[in-house]
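Look at the two complexes coming up: chain A is in both, with chain B in one and chain C in the other.
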Partner chain A sequence: MDNLCELQEVFHEVFDDDTIVLKGATTAAEVGGWDSLTHINLIVAIEKRFKIKFATAEIARLKNDDQNVGTLLGLISLKLAR
Partner chain B sequence: MPESLERLDRGPRLPVSVNHTGVLQKELHLALEEHLAAVDSGHKKVRQLVLALTRSIEAQLYDNAIGTLQRAVVSSLDYTSAQSLYRIYRQLEPHWAKPAAKTRIAVLSNQTVVQFSQFVELFLFSAGISGLCYTPDFGVLQQEIFDPGSGLHDFSPNVLFLASTWRDLVHLPQAADDKQKVGELVEAELSYWRLLWQTAHQRFGCQIIQNNFDSPPWRHFGNFETRHVGSMGRFIGCVNEAFANGAPPHVIVHDTNYLCNAAGLWNWGDQRFFHHAKLPCAPEFLVDYAHSAASLAAAQLGMAKKCLVLDLDNTLWGGVIGDEGIGQIRLGAGNAEGEAYVAFQRYLKGLKTRGVILAVCSKNEDHVAREVFEKHPEMVLRTDDISCFVANWTDKASNLRNIAKQLNLGLDSMVFLDDNPAERSIVRQLLPQVCVPELPEDVTGYIRALERHRFFQVVAVNTEDLRRTEMYRANIERENAGSSADSLDAFLQSLDMRAVIGPVNSTTVERTAQLIARSNQFNLTTRRYSNGDVQAMAKDPNWITCTVTLFDRFGSNGLISVLLAKVQEDVLLIDTWLMSCRVLKRGVEDFLLANLVKTARSRGLRVIHGEFIPTTKNDLVRQHYDRLGFSLISEDFDGHTGWELAVESWTGRKCFIQEIEANGQSV
Partner chain C sequence: MTVGSLEFLGLLLLASALFSLVPTLPLRRAFLAACSAGFLWTLIPNLASWVALAIFILSGYAVAQLLRKWPSAVLLWAYLVILLAAFLAIKKYSFLAYIFPVVLSIPVSIVGLSYMLFRQIHVLVDSMQGETEHLTFWGYCNYQLNLFTLTAGPIQRFQDFQQSWTQLTPIPAGSYELSKTWLRILIGVIKIAAIGAGFLFAYTKSYSRLIEIGSGHPTLAVVLPWFIALFYLYPLYIYANFSGYCDIVIGGAALLGISLPENFVKPYLSRNVIDFWTRFHRTLGFWIRDYLFTPLYKAVAERNPATAKSFAFGCYFIAFVLAGVWHGSTSNFAVYGLIHGFGASATKLWETYLVRTRGRPYLKEYLQIRWIKAVAIAATLHFYAFSILFFPGPLDKCLAPIRILVRTLKP
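So, the complex of A and B:
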């Protein structure tokens, strides 16, 4: 399973919505219920699934307007490669 | 909808047929079994369970879904799964035939406890308690208590949880402070929290659960931290000790310090989530933290388990005694597995010593199974540690029912431990009231597998807890004596019963509160009062409180009956009357009533009123007042009855209990 598919599964679980289809351009605003509380839930679930750790600054940045699923995937790949 | 977020089309929903109901029930059971088998080992199978639950909700199979969810919620859930199950709980909550009494829990903290409170609610639901949480914004712990206009005052909690962390310590020492100064600071810290407890207790009369303090993972003095008087680490240790020694009965100290140690200090104190979201600990540990807190609230309500029923082969020793024989089973020194079984038995013996009742339920020949307890040199548990020993070839569900009956315990106060997954599964299906924890294949994991459920949580330990097995065993002896006595009277006479009777006082209040929390069967009204409530009644001249401690020729039965009554003009209203089922049919009721009538006469009261409020468990006492000579004066459609006894018309009944003073002298 590639990272996008795995990430999509994480989203299904965190947002209880099996119909979500992620694309690189998907932003936080487009996923219903992605608020600051569910952001923590998402971070925890992603860290567990990919066995990675985000830095404090990254956790905050991932919620910014200029971020999307593409930048999140980029960060995950970077951490997995290390 | 934006183009980048497409939705998968899952097709139209199919209508549910009767046939489909059976399929869904089976699916729920299987998903639950797989989830429970996987959850402790960290291989989660929650997604399947969530889907099965969602389908059941769509099909309106609410009761099945609720029962499944209650058992799926365990302390070893990961954070994400616990969130998913919480959302399912929210969907099911309106359909839940919940207990009428809601437990109103306020969680006050200076950190973010939104997720924590949700998990507390979820675990209370799992324990069958209808919890309502109040969680004000963080950072207002003190204000909520002191400000009479706060949301907390409107909410009026019956449990107040003060979810403090080390960051809430107020009187921190300086590195250069000497021993005396630090001692004063510890006192000041205790006084600071005491004022919060007192204020809350006076205003809400509620039970308080107070965290002790976790520790930050770092140490300014390194290894010397525990020895330097002015260090943070040493100070936290001292404050925790002061809490343990100085908390009044209406305050339960929640041992957060244990939780952070068990988690590992650096894991627990993951600073990223504190700085990002002000979480009190790393998100993963919020689940276990909430379970721990909820287990205290449940224990306070008398929902803790009382009895642990043990399988034998591959549970207490390695191997099958019937096949391998007493010389071949793995138990004791010389073999790692055998040593691990001894260690597990020692753990069980420790539970027994502090008041957990042990029973045996095994598929074996009785004499073969008993021989191990009597003759094997390495056995830690012996026959007299086991209150009820059942080894035969009957199915385990029937045997468990039988054990519950013999011990006079409800099935819902029993935990069944068996290494065999098939036995566990069938008991779960046939006796959903019994808790059946998963066990790992390796015996060294048994203790943890049992501990993580916090089944036997207590909020106080008294001498009766420490002597419980002895008392239950003496009971079985008494019953044997009963069968050989010519008549009931002769039997009761032969018991040589003596009792201390009197109002609740400082030595009896703790046990009284415990009985009020725990008694379900011989309990006329099942009203629950906290330790604080009982103390208040004991001081109130309008209340008459009464407890009975019973002795007989087999020894002490302990404090076994409680009566609370309110004086209203010339009427005495019996609010609460309960008794331990250990002493059924001994005439304690007659003895207690005789004493009550005496008190009523001395206070010039004219009538005594009694009431019976039916529950699923107290059918035993439906005719209690009738038997005592009261007349029925009211009856509701739901079986709630009212009774009356004219004080003057009461004539004594035969009673075989002699009243004695607390010092053992005859009255």
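So, the complex of A and C:
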């Protein structure tokens, strides 16, 4: 299973919504309920699934308007490669 | 010297003209550092304050470098405890009078210390997590003591400062952009000196009149107009004054090559308290979110994901009370923070209720309904106006108008 599929599974669990289909360009505004609180739940679930750790500044940056699922995937890949 | 004063604006005009003539990056950095040092010189009152400031900056930089090399939560927390104790003592928090009264007589006063503290904590945490590349002493001092962010917001992140610091060329490109920047500075001056000052004058008069009336036995009809006046005037003053200040520093910093984040985005059109803190003094709101709320809630969610959402309300209260206390040394600021913690929790509770009873798709529809949006904006504005009643001074002073109003309501 590639990272995108695994990430999609995490989204289904956190948002309790199996209809979510992730693409690189998907933004927080396009996923119902992706607010500050769910963002942290999502980060915790991703950390657990991929066995990685995000820095405070990274978590904050991922909330910026110019960020999307693609940048999140990029960051995950980068951390997995380390 | 204060931002917005004639001497500040005159010197800014001169500095920006000279800055564009400085040929190399090291010289431009030295030029900006000299401007910041000159500004700082006008604000630090005595030798003891200079020494305290030096220890504050030096220790922060040294610990940040240690944390970069040897990340250690124990070291971070040990330093944070000392840092916060020093902060409370220097800011002379009123509760210290009961525990360490001697602290209140220390002749140290550092303008902008609250903002320095937040920048320092951010650099320390980010350093420990490997998020501060190119942290040099020269860069760090200029980041902490930059004249445009020294006394108040916006709270710039080190990484953003570093981006400007590596180039340091005037941001407005061409005469049109330059005119726009100066126009923004001018608008900032008008907001502070004319509009804000006008609102403050009217507020002060209304407050004095209400207290005067309240000393007798007034009726509700007599008290209400004065109460309404001060209820709306103070939020108007705060917005005009602080957003005007930010217009000046953001414009001024751009002239000297520093890009500062925006701090106000139509805050009085926020639809709830959480939204409000992403629009009003938003760099503070984001700081609270990133360095108080997120670590607190994340720690809970990691341990117990199933029940984490219930603990979120507690995290809101803790984060907002701490942020409230950060605003000033008297108890009224804790009340201000508590009210906002309540507002944020109520927002989340209402949203959770809607999702549970009607489903998430309905929430999306609900947020689009125009009249609900209008009601939510009006409610948030009035909630903020109520909370800011606890801002202007010690608790007794803040409570006086409310007491007078409540007295008239009694039969």
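Quick note on the criterion: the second predicted complex is superposed on the first by the 82 of 82 C-alpha atoms of A that agree within 3 Å, B and C clash if a C-alpha of one lies under 4 Å from a C-alpha of the other, contacts with A are read in each partner's own complex, and residues count from 1 in each chain.
FYI, a contact is a pair of C-beta atoms (placed from the backbone, for glycine too) under 8 Å apart; a residue touches a chain by one contact, two chains touch by 3 or more.
Computed from a prediction, not measured in an experiment: that's the story for all the values here.
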Where does A:Ile20 make contact in the superposed view: on chain B (first), on chain C (second), on both, or on neither?
first
Touch check for A:Glu30: first (chain B), second (chain C), both, or neither?
first
I'd like to know which partner A:Ala45 touches here: chain B for first, chain C for second, both or neither.
both
Let me test your reading of the model: by the given contact rule, A:Thr56 touches which partner, first (chain B), second (chain C), both or neither?
both
Going by the contact rule set out at the top, does A:Ala81 touch chain B (first), chain C (second), both, or neither?
neither
Partner, of chain C and chain B, that touches more residues belonging to chain A:
B
Touching both chain B and chain C, residues of chain A
36-37, 40-41, 44-45, 55-56, 59-60
Where on chain C does chain A make contact in their complex?
125-126, 129-131, 157, 159, 274, 286, 289-291, 293-295, 297-298, 301-302, 305, 308-309, 312, 348, 355, 360-361, 363-364
Applying the document's contact rule, which stretches of chain A touch chain C when the two form their complex?
15, 17, 32-33, 35-37, 40-41, 43-45, 47, 55-60, 63
Can you tell me which positions in chain A touch chain B when the two form their complex?
13-14, 16, 18-23, 25-27, 30-31, 36-37, 40-41, 44-45, 48, 54-56, 59-60
The residues of chain B that touch chain A in their complex are 2, 4-10, 47, 50, 78-80, 83-84, 87, 114-115, 271-273, 275-277, 279, 283-284
